[in-house]
Structures are given as C-alpha cells and as structure tokens.
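Dropping the structures in below, format is structure tokens.
What follows is subunit A paired twice: with subunit B in the first complex and subunit C in the second.
Take a look at the complex of A and B:
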C-alpha cells in the first residue's frame, strides 16, 4: 500500500487485495498516517482484485475515523468486482465513489 | 415429425452463463433453456429430437434422459452419427416460444426473454398462482407477511422470502432459494438454490450460488462471504455418517415444510404490494 499527501487529502493506493490477511494492517497504517490537518481520505481501489467482509470492515472503520474528525472518505475508481461487492452490501450509499478517466 | 436441436457451441458473447454449465442448461423460469425448447417442440407435435451439442454433452443427457418427460424420443449427435430424416432445424440461440428474440447476444437478452415469457410460463406451471398483478408465486413458497413483492416477478417453488425483504419489479427467483430479511432484489435473476443474505441488495444482476454477474457490464464476482451470497446445494456427505443415519431413521416422517403447512393458521394472508400503476392485490 502506498500513502501520499496532497493539501488536506491523504491518498491510499496500490491496494491489490482487501481481505482478512491485510485489512487490519491497512486500517492501522492508514490511521497512523493521518496527520492533524487531513480532512479527506481517498482510497484508490483501481488495482483491487478482491475484497471480502474484512476488507469492507476496514473501509468502514476508516470512514468512522474520518467522520469522527469531521472529514470524509472517497473510494476512487473501484474495479467492477469491488463495485459489485459495494453495491451488494449497500456500501455504495455510504462512500462517495469517484470514477476518474 | 422430427427436429434437430442445435446447441450452438460457438457463442462467446455470454461466457459467464456458460461457466458452470452448458448454455443450454442456463436457468430460465423454473427450468432450463433446453427443457423449455423441448417442451415447445413436444407441443408442436414433434416426436423425435436429435440434439447436436459438443459442450458438456453428459450434462445435457442427464437432464433430458431419453425424452420420456416430454413424450419425445431424444438422441444425441455423438450417439447416432446419422442425421434424422428430413427434420425441422431449431437453433438454440432463441426459444421456439419466442422466435424473434435472441437469447445470447448479451446478458440482457437472456434476462429480457424471461420477462417476456413470464406471464405465459407462469400460467402453464402447475401450482403457480398470481398473488397480485404480475406477481407469480410457486408451490411451497413462504413469503413473510412484512415482505413486499412488486410485479412483474416470478417467485418459484420452495422459496423463503424473509421479513421486510423487497422482491421485484422485473425479478425472477428460481426454485429453492432463500431471500433473507431486509434483502432487496430488483431487475435481477436469482438462480436456483441460492441464498441472498440479510440486508443485501441485488440489482440488475444474476446471482447464482456465490457468483454475482452484472447484467449490464458482464462483470462477474465470486462473493467469498457466505452470509452475503451463497449456494444452498447440500454437499454429499456434508453431515457425515451420523447425519446420514438420522436422515434414514426419520425418512418416514413428514418434512419440515409439511409440518409447517399442517399447523399454518387458515386465513393468514401475505402483504403484497403491486407495482405502481397496477391495481392493488386482492
């Protein structure tokens, strides 16, 4: 996973899988990387081939963290399979999903 | 009268449908495409059918047998190399019941064909009843009183629809499936023996077992969490020797469904809401 900062946005990218093996690591590293001035968290899922309930749990945990500090989470370019799981679990209504060219 | 039924092997437009079984065995309103085609041929007076297929022919043979179920005599091309005498040729890229609508150009074709034939097929199916305009429900299906059914929809046999679930419009639930509480299924097909988890939303998709196919994009996902989406087919020996012994011991007793039906209170109605524009349920 790669973490980058731009203005008040923290961006997570290069996430190939979000499952029981790596979801808690991702969540903890993302939380640890949150600087005080970060108000927006972008999670790039354009390379994510697989997501399960543990991975969704990590996304929800980060969403709660950001909401707690008055910020927001955006899911960027989810792959079709991830998009399907988000829709199946109705999380597409929780996260702002952004598709960029 | 003779007919040759060609199960086209070269269709590549809907690979996700052919992943588990040959295309001819794709679920279609309570049966398979092949079974519906055979029914139509039998209704037209055909007596002998030769099935030309190359893809997983044993699976086709397992479904058709020798054709007794339709009053047909069925042979497969690999059984009898010699073709039948002058025969009608039927390509299984569309159903005889719907000759102007291709089945396999896109996933949407297959979905739309089911909606087009839904009322006619429902009226022909034994035990299926129209509970509200466009809402057809099969035998031994239980719908929770708090569930909402929106027509047009086909809910097959041996299905359970949980509390506060919403099914329809434009939805087919195949036999033996379980729609858990507060789930929403619309514009979709739920394949046979499929569990749709509580609070999930299946929209514009084909859900069969753990496979979830988006009908518009063709994207196929295997859902790994069984509480979201899963197949309900019992694995042979899943309960081990003890389970098998108990099953044999109690074989003579009525089924759980039978017991449920026996104690069901008379006059208890299910709440059905019809689609906008339709008259309310009677």
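Take a look at the complex of A and C:
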C-alpha cells in the first residue's frame, strides 16, 4: 500500500486485495498515517481485485475515524467487482464513490 | 487436493488448516478448478467471495488453542450449477434463514449476507462433531449476441420467474405433505387404529424427502426400550434398544438422539459406528435420527437416510422430515391416548410463518390521488388466508386496484397470494388494459395452479381520475357494487372464469364513469359472513349500506367503518369462517 499527501488529503493506493489477513494492517497503517491536518481520505481501489467482508469492515473503520475528525472518505475508481460488492452491501450509500477518467 | 469426475460433473476436494492465511491460496486453486470446468470469469468473482467468506467463517469458529481438524471443502461443477460444501468441526453457529445487513457503521456482520445473496441456495446442517454449509449457484446461460434493449419489465420478470420456480418447488412439497396429512388423518380418525397408517405415512415421507430408507422406533409402555414399529426395509426386525440400562460406551445413533433429545447426523465423514443397528439399512450412506417428542416427552425416534453418502440432505428436506416426523409421533401418541387436542401444536410454527408472509403482502397505506379517496379493510379468518388487496400507482392520475382471493387457506394459499402479487407488480405496464393483464396472469399462473388443484378469483380496477373513469375486469370474482349519489345501485358483470381454470381464458373489460358515487370491491368473505345461527349475510345489506353511503356522500373511511360495523353486528359472537377484504372508492370532484 502506498500513502501520499496533497494539501489536506491523504491518498491510499496500490492495494491489490482487502481480505481477512491484511485489512486490519491496512486500517492501522492508514490511521497511523493520518496527520493532524488531514480532513479527506481518498482510497484508490482501481487496482484492487478482491474485497471481502473484513475488507469492508476496514473501510468502514476508516470512515468512522474520518467522521470523528470532521472529515470524509472517498473511494476512487473501484474495479467493477469491488463496486458490485459495495452496492450489494449498500455501502455505496456510505462512501462517496468517485470515478475519474 | 484431489480432483476427478463425479456422477454428473467435475469435482474437487481439499482440506484447509484452521488458519486465515490458508484461504486466499485455496481460493486461487478453486478459481483454477472453476475455470477448467468452464465457469466464466464473471461467475468466478462471486464464487471467490462466497468461498472466502465461508472459509473465514468456519476458521473463526474453530476453538482457539486446540488441535483442530482441518476444514474440508468440496466443489462440484455441473453444466447447470456449481455446488460447494464446507465441512467444519466447530461447535457450529447460527445460520439465519435470511441474513440482514448490519447497520451501515458496523465493521462486521456482512459475511453471511454476502454468501446468501451471491448463491441461489444455502443451508447449514448442524451435526455432532461436524457441520456442513451447502451452497449452490446456478450457472448463467452461455453468452449470446446482445439482444435489442429489453422491454421495461423483462429483467424484473426474469427475477420473479426465478423466485416463482423456487417457490413452486417448495410449494409442491409443502402442499403434498399438507394434503397427505389431511388424507391420512381423516383415514386414521375413520378407522380408529394406527396400523396401516404408519406404513403408508412412512412411504409418503420417503417420496417427499427423496430418501431411500426410514425406520421408526417407538418407546415401549414403560419407556425402557426403543422398539422398531415400522421400517421401509423388508425382512428386518431390529432388536429393541435399551434406554435405561447403563449407557454403552458407544451408543447407537438412535439411542443418542433419544437421550440427547436432539437430531443426530451421520454421513461418510462421521459414519455409523460398527455395531450400530442402522448399519443394516443405511450402509455407508447419510442420514439422521430425529427424536419424536410430545410435550417434551420422548415417544420414539425416526431415522431417515439415503444410500448415497454424497447426497446430503438439503434444509428443505430436513425440515419436512422433522415436521412430518413430529406429526407422525403426535398422531401415534394421540391415537394411544385418544386425545385430539394435542395435534394442533405442531402446526403452530408453519401457521406463524405463513401468517407473517400473508400480512407482509398488504400495503402499509393506500396511495392518494385527486378525484377519488380510498379506504381498505382486511381481516383474516384464522392465522392465514389467501385474500389479498393492493393499490398500485401505474401512471399519472391512475391507480390499479386489486382484490384477489386464493381458494383455500394455509401455507399454499398464502404462497399463491404472494406469487400473484409478484407477477402483478412485474407487469404493471399492462395495467392500462386490466383484461389483458388478467389473461397474462392466468397464463403465467396456470401450470402451478392446475398442478395443485387451486384457483384464484381476482378483480382489477384501473382508476383514471383524469378521464374520470373506472376500467374493470374480473376473473370469477364477486361483482363490484356501484352506488350513485341519488342512492341507486348496480353491480358490474362477473367477467371471465377464475385464474387457473381455463388456460386460454379471456377477461372482458367494462368501463364506468366515476360520477360522484361510491364503489365497493370485495372478496366473498364479506357477503358470506355468518351469524351465530348460521345464516349468510348475503349481498342485500351490503348494497343497502353502499346506497346509504353514496346518498350521504360519506368519505371512504366512514363507509369502511359503516361496513365493518355491519359485519361485526351481523356476526355478533360467531367466528369468521373466511377471510374478508374490501376496498371502498369514494369518487370526489378533483380539486
């Protein structure tokens, strides 16, 4: 996973899978990387081939963390498979999903 | 991992250690297998997720710190479907009938929901020492040249057809078992003894549950032994099994079921122990022993199974076996004790389920529109009935009103009411011509209705407040009562035959102007209400009430209350015999 910062946005990318074995690590590393001025978290899922319910749990945990500090989470370019899972579990109503060209 | 051809497809089996790290590599192997079996990429993604969730779930339920037997996964792919069986050796867990999503901010609790929503069938069979999660998903048809854009309702319709197929399957077995219960119970009451009854009952049970053998043992009069009362196997008389003697080190499956008072399962993974009397009939197959209880008292054990150990029981067959087994126990007991009352308790759960289903059909509230004001009444005679009413928006200023009555009561009636509603909602695009919509409903329900000897009477009214007219079509349903503001009344025509009677039936339409009167759609329960002396209420008092309501220019709610009072006062203390549903339409001048 790669972490980058731009202004008040922290961006996570290069996530290939979000499953029961790696999602807590991702969550903890992302939380640790949150500098005090970050108000927006972008999670790039364009290279994520697989997300299971544990992965969804990690995304929600980060969403709660960000809400707690008055910020928000955006999910960027999820793959069709991942988008279907988000829609099936109705989490597309929770996260802002952004598709960029 | 081992793979090979199976009876009608290809299969693979593998074992996973109780470690979450083992799941991802396994899923990649599973994808490879599915690919070789011709499963498309798009279908593999849901399977990868389903298998991951199922395996994670099993692993999380392993007792920590103990040396756990591995989790076994069997995958079978045929041309029509893919099936997965995940066998765990954990204490087991709750498997909900239909998992709900947790609150949006919950970080867990979506696994079972995903599994159930990405498979067509799922059941979790709890056994002693091992449990099996059985999952099945139909394969999609081979890709064809893309068709021109779908007609609006086609996709929704496809889903409904699929649900219908599943429900019909369920209904067919339920209906069979219900009619078997009825038939045998009548015979039993007429003959007054239970001899041949039990044998015929067991044969019926074998057919319904697709099983190969069944053994019924009953407790002897002193409750010290389980004695074979009936078995589907000729020339076999099992020795009585002692219940009260010092328990042997390895009790048989039947004795374990009788002492634990819970189902005991066996299959090639946890086979019968040597010396178990059931080995004679079961061989190396699978099955279970179910204790028969009446008021918490053991009266016997019913064992049932299949010779093919790979054909594990699906949850539907298990619950039918349990229900019929319990019912059989009850009948035997009630014959023994000559107590009729005991019987009803066992059906309570089925009745409750069907009752919930039935109530869920009715709209929470009726739509409102300028030019007509609506009120509806519904009362079910007992727990469940087949009456149904609804009001659906079908376009600007138009509402489709429906009253339908499925012949009979109980689970089959409630399920048909459900099917009727699903089909109706799928084709509300046909609502402009209620007669055509009835023809379509008749064609699409005919096979299922005919197969179960049932029918539905229905009335559809398209209320168009812009054109100030009602377009009415009926299928064997009581005519509507139309009342003018001067108090005169008339009925509508009877229309075509009930749905499910004639495959190519035609349903004429008639159009009436809305005027400023009152109209009533109703099911026959209203005019067939009986007073304590047994007299029918008939049409006249209802017509008179509608005339008065129209003359006074009452609101629909006031008329609803007027008719409800009429019904209550007429029936007085008599118990309602049939369901009753009606809709009052009060025509008003639009604002």
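Definition applied: the second predicted complex is superposed on the first by the 101 of 101 C-alpha atoms of A that agree within 3 Å, B and C clash if a C-alpha of one lies under 4 Å from a C-alpha of the other, contacts with A are read in each partner's own complex, and residues count from 1 in each chain.
Heads up, the rule we're going with is that a residue touches a chain if its C-beta (ideal position, glycine included) is under 8 Å from a C-beta of that chain, and two chains touch if they have at least 3 such contacts.
In this text, all values refer to a predicted model and were calculated from it rather than measured experimentally.
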Contacts of A:21 with subunit B and subunit C, given as first, second, both or neither: second
Subunit B versus subunit C as contact partner of A:87, first or second or both or neither: first
Touched partner set for A:36, first subunit B, second subunit C, both or neither: neither
First (subunit B), second (subunit C), both or neither touched by A:52: both
Partner chain in contact with A:2 - subunit B first, subunit C second, else both or neither: neither
Residue contacts with subunit A in the superposition, subunit B compared against subunit C: C
Touched partner set for A:61, first subunit B, second subunit C, both or neither: second
Footprint overlap on subunit A, comparing subunit B with subunit C: 19, 50, 52-53, 81, 84-85, 88-90
Touching residues (chain side subunit A, partner subunit C) in the complex: 17, 19-21, 50, 52-54, 56-58, 60-61, 63-64, 81, 84-85, 88-91, 93-94
Subunit A partner contacts - residues on subunit C that touch it in the complex: 20-21, 23-24, 45, 48-49, 52-53, 56, 101, 104-111, 113-114, 117-118
In the complex with subunit B, residue positions of subunit A that touch it: 19, 50, 52-53, 80-81, 83-85, 87-90
Of subunit B, residues touching subunit A in the complex: 199-203, 205, 212, 214, 217, 219-221, 223-225, 227-229
